[in-house]
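Read through the structure below, which is laid out as structure tokens, and then see the notes.
Naming follows writing order (A, B, C and D), and every chain is counted from residue 1.
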Amino acid sequence: MNTFGRNFRCTTFGESHGKAVGVVVDGCPPGINLTEADIQPYLDRRRPGKSPLASARQEADRVEILSGTFEGRTTGAPIALIARNRDVRSEDYDALRDIFRPGHADYTWQAKYGLRDHRGGGRSSGRETLARVAAGAVAVRCLAPHGIAIRGRVVSVHGATEPGAMEAEIRAARDAGDSVGGIVEVTATGCPPGLGDPVFGKLDAAIAGAMMGIGAVKGVEIGEGFAAAGLFGSEMNDSIGKAGFTTNHAGGVLGGISTGQDIVVRLAVKPTPSIRRVQRTIDLAGAERGISVEGRHDPCIAPRVVPVAECMLALVILDAMLEQAKYRGFGGE
Amino acid sequence: MNTFGRNFRCTTFGESHGKAVGVVVDGCPPGINLTEADIQPYLDRRRPGKSPLASARQEADRVEILSGTFEGRTTGAPIALIARNRDVRSEDYDALRDIFRPGHADYTWQAKYGLRDHRGGGRSSGRETLARVAAGAVAVRCLAPHGIAIRGRVVSVHGATEPGAMEAEIRAARDAGDSVGGIVEVTATGCPPGLGDPVFGKLDAAIAGAMMGIGAVKGVEIGEGFAAAGLFGSEMNDSIGKAGFTTNHAGGVLGGISTGQDIVVRLAVKPTPSIRRVQRTIDLAGAERGISVEGRHDPCIAPRVVPVAECMLALVILDAMLEQAKYRGFGGE
Amino acid sequence: MNTFGRNFRCTTFGESHGKAVGVVVDGCPPGINLTEADIQPYLDRRRPGKSPLASARQEADRVEILSGTFEGRTTGAPIALIARNRDVRSEDYDALRDIFRPGHADYTWQAKYGLRDHRGGGRSSGRETLARVAAGAVAVRCLAPHGIAIRGRVVSVHGATEPGAMEAEIRAARDAGDSVGGIVEVTATGCPPGLGDPVFGKLDAAIAGAMMGIGAVKGVEIGEGFAAAGLFGSEMNDSIGKAGFTTNHAGGVLGGISTGQDIVVRLAVKPTPSIRRVQRTIDLAGAERGISVEGRHDPCIAPRVVPVAECMLALVILDAMLEQAKYRGFGGE
Amino acid sequence: MNTFGRNFRCTTFGESHGKAVGVVVDGCPPGINLTEADIQPYLDRRRPGKSPLASARQEADRVEILSGTFEGRTTGAPIALIARNRDVRSEDYDALRDIFRPGHADYTWQAKYGLRDHRGGGRSSGRETLARVAAGAVAVRCLAPHGIAIRGRVVSVHGATEPGAMEAEIRAARDAGDSVGGIVEVTATGCPPGLGDPVFGKLDAAIAGAMMGIGAVKGVEIGEGFAAAGLFGSEMNDSIGKAGFTTNHAGGVLGGISTGQDIVVRLAVKPTPSIRRVQRTIDLAGAERGISVEGRHDPCIAPRVVPVAECMLALVILDAMLEQAKYRGFGGE
């Protein structure tokens, strides 16, 4: 299932070391101004190789709109976006052809399909998120006239919560040939109340599915999240006054439907599984092996998860906006 | 969207104080032995009124199979299951007709639809989960011959982790006219490797969406979950030996696909929003009001989330089993 | 797949001789006035036993709304509709338990599922259309305020096109222990231009799928239909003037999108497969057998297809209306 | 809705005069041998400019596989296929920017979206079928090892049924600046019994929807089709003997499920709407205009519908095969 969304449907394709990665966006409203210049900045934010602490892979990642716009505006037809892969050093991965990297999808993919494109993780590579970010940038463009904006940030790395301390944690892990996890928070502002579709299309359920579907994410929470388990009802409930809700412990969602307050989501990002430190694993033949994953890898993937999480949240919210618009557009009696 | 699942599709219906709640299960494999006796025990586990600490609402909740079986076996046709509502004291709710209970879906539902069945929360009531549990019981029945079993339990209440202490927390909250949250853990054993469908149908993404879609759930994590954010890669990665994975920090899912190990999920359950303590809110006209929610309410909803979470996990796993079976059944070249 | 529609989703259930047939309608706009009295007349039109020429099965077919309305209006929650089966003479069918009736789904159902509810055709019975008609009546109710109306009629029976001649054909077939086919035409008036969704959700494609999905239908055509194969382009094309299209050879759909003219659909209905005349067939063991299908059967099913076809057209059009409303409700820039 | 299929999901994109047309195939079984050489012949068959009677547009239409295969085999990942547009003479269409061609989607598209890419019909162009054919070629490749083959042909043109007479009809129409319709028949051989999914996923319903979704198709029939309306039941029903069905009036489908016999489908193709003869129409401002559509157009589109119809039938059948494989793969008790 490589399609996301019911109304604004994004179908991604492409492998880390194939010819291209891309996405077809189906269901985009017509008449939206859209050119490559609206999308490229999101790809640039997501791109590796921008920091000494991040992966050194250098790719231009130039997005090309193949269809769905005419004279700079969307037409209602599907929008195909692709970025050709360029910096493909597949030979770096030859040693990994027959071995399962711990913490990666190598073992499970092999179990599922019986074969796999091992080069850079193939389809399970983080590079696939380029396509999500491209689609998300289109969603962001559609949401902007409605006053909806989305911002994410890293709020902790290996327990540290201050920027300098977080950077130090990453540096220390890298120097030790290891990696560290972190927590990302994403907030959407400007959402109207009423988004989300009970009972299985709840806004928070859609958000949780979208976020957990990002590689390396092992937990999702909304509003107070896991802290809610330690609260009294009188602490958790958000009172309502004439001016609206007085607090936002709920994180902008009640009963699966947006309240109109900020939607606040946090993701637990596991440490990058590719580490230089030797780990125990097996190969395709079942023989036990030691493995040290060399190559260009971010010691902490949390910063690069930020734009992806923002874009997934944009996709979920736009999808809910379109769903809700259906009934407004239809009218009642 | 009242349908869950792609292959084993469950469409629920019914309001807390309407005529009935029920579910239509579409896509159940034919030839499975199934009678009401397979489903009723799950409804009994979920039912309120079984403990002095739980809601006093007494309902027989007798499930009736309306279609889809013949001579005690499933036929491949849709299975309709209903339970009539009996203990309907709608007049208890008359006072709530025009007022938004804090922490409930009253406000958001009104904002979305412009009208709502206020009686007992209507469609947003926890009573809807009866239908999920009925469908989940069918899923459990289908999974059993494959050696897959699912068990859940409450692992903490308001910070307490021992049974006696948890019960004391609930009792104290009830006596204070308040409520408390908790954490539920659900584990699936016996799953084969290969379940889950990249990239947007990942097993963990489906689980997260399913769990966050349960009312009162504010967080979902798998394996190490949020703790992973504080680990090194060398701690988080599960090594593989000849006998398989040596640890299960991943919680049974790598790259969105099952590893064959136990699938371990934890949910953060917020405190029951209905409390006797007075809260501030507004009514339909926008006037500020105080509200004390009387009536029959569990001071901690976590215990009753357990069977619901089990059933949702069963539904996700069965759906993935059927998806995976498709390719096994088709065969290759 | 027992669900029809993307926006107005109808999931039907029930067998001919089971406990009940019914439908869950998910996605109905809120605030529509709806009671059983809006639905019952459609069930009455569809019901057998109203004419000496039709099946003698007598059923009250009382529809009951189980959920989704409150104080006489739809709430946006799923609407469950059921009708209990009453006149169940299953023993009439005992002789058919192990034999495949020619022209029926008996053989193919057995091949697909390995077992089947043989009583009255089980799930493949025309009785399932009761559920479609119930859902269609809700759709008709939703379309009415938009000025959209749908009417069907039998336009030929066994080649005859005049009412008296058609009736004579049916009578003659019945007396001969045989049956005859016919053609049904359904027309929707008042549809706005713009309905239908390229390229795989075209209005005419959806109509064709909906109509061919009615049992006994072997052909579907729109506008000139098969006659178009014998025309020149200059005859087929509809000119456009200041007042709109001057002709309607297209049948109200161009490029898969409604033109605003009447939508005109014709269906070829095969002769009722159940006939008294002896036919050759085999039983479950593969032995050759002769079969004479006794019992209550319409010698021409076309008249009873009319309300079903009307209702399917209503479902398709409402679904397209909701899809189109999505973009109108979302607005542009 | 630019996605076709539930299990083998094809999402097409691209406009007649945009950068490229293409398709993403999601759900292809892994391990199938597949290279461009398997697909290109289908594109070549569909390509215009091969006959003096057909459109003179010359395009290489080279297909490129962008993803989803590794070392010549499918991996289970989405297969993106594109063909760049080359022979783009957009200026030919400048005169059509503000005018609605009779019989085309110009008027309805404008009504739906409020804007349109007028160049060559944009998204509503027959060029979109290139993408369907590419996807269909992959489906054909998947079906081949199962012994399933699909063949289509033109069976009549403007009433003529002999090859020479058909060609004469086309020639005469072309010389008159006009066009003619025809009938296409497509047959699938080798299908197992049991394909198709009651009640809304019937094989014939899926076929009808797929075929009516091809531009210019105004009617679809299966087996006896419209002729069934003139038959007795004793003529229409296919008897069954020890060796199987003795006739195939049903066209290979009973009760929506395949019988194992040939599946026989016929399509009514309307005359090409683009004709040189002057027609009456209006422009965007509503002023009445005469229009003579110059340029490269097939005077009869039926021959070019043949490979498209074959490919759509392949897609429907493969989708049903995968659906059926699900239950076989899952196993019973």
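As a convention for this text, contacts are C-beta pairs under 8 Å (C-beta built on N, C-alpha and C of every residue); 3 or more make two chains touch, one makes a residue touch a chain.
The structure displayed is predicted, hence computed values, not measured ones.
Engineer: If we define chain centres by averaging CA atoms, which chain lands farthest from subunit B? Would you check?
Structural biologist: Result for max centroid distance from subunit B is chain D.
Engineer: Return the chain pair with more inter-chain C-beta contacts, choosing between B-C and C-D.
Structural biologist: Higher contact count goes to C-D.
Engineer: Let me have the rounded angstrom distance from the C-alpha centre of subunit C over to the C-alpha centre of subunit D, please.
Structural biologist: From the centre of subunit C to the centre of subunit D is 25 Å.
Engineer: I'd like the Å distance between the centres of subunit B and subunit D, where a centre is the mean of that chain's Cα atoms.
Structural biologist: 44
Engineer: With chain centres defined as C-alpha means, what is the inter-centre distance between subunit B and subunit C in Å?
Structural biologist: Spacing between the chain centres: roughly 37 Å.
Engineer: Give the residues of subunit C touching no fewer than two other chains, as numbers and ranges.
Structural biologist: In subunit C, residues 1-3, 12, 30-31, 76-77, 112, 114, 123, 198, 324, 332 touch at least two other chains, as defined above.
Engineer: Using the touch definition from the top, list the residues of subunit B that touch subunit D in their complex.
Structural biologist: Per the stated touch rule, the residues are 7, 29-33, 76-77, 145, 198, 321-333.
Engineer: So in the complex, the part of subunit D that touches subunit C is made up of which residues?
Structural biologist: Residue list for subunit D touching subunit C: 1-4, 6, 12, 100, 102-109, 111-112, 114, 123-124, 128, 156-159, 173, 176, 178-183, 193-202, 204-213, 215, 218-242, 246, 250-251, 253-260, 268-275, 277, 279-282, 286-288, 302, 324, 332.
Engineer: Which of the residues in subunit C end up touching subunit B in this complex?
Structural biologist: Residues of subunit C touching subunit B: 1-3, 9, 11-15, 18-22, 24, 26, 30-31, 64-68, 70, 73, 75-80, 82, 112-117, 122-123.
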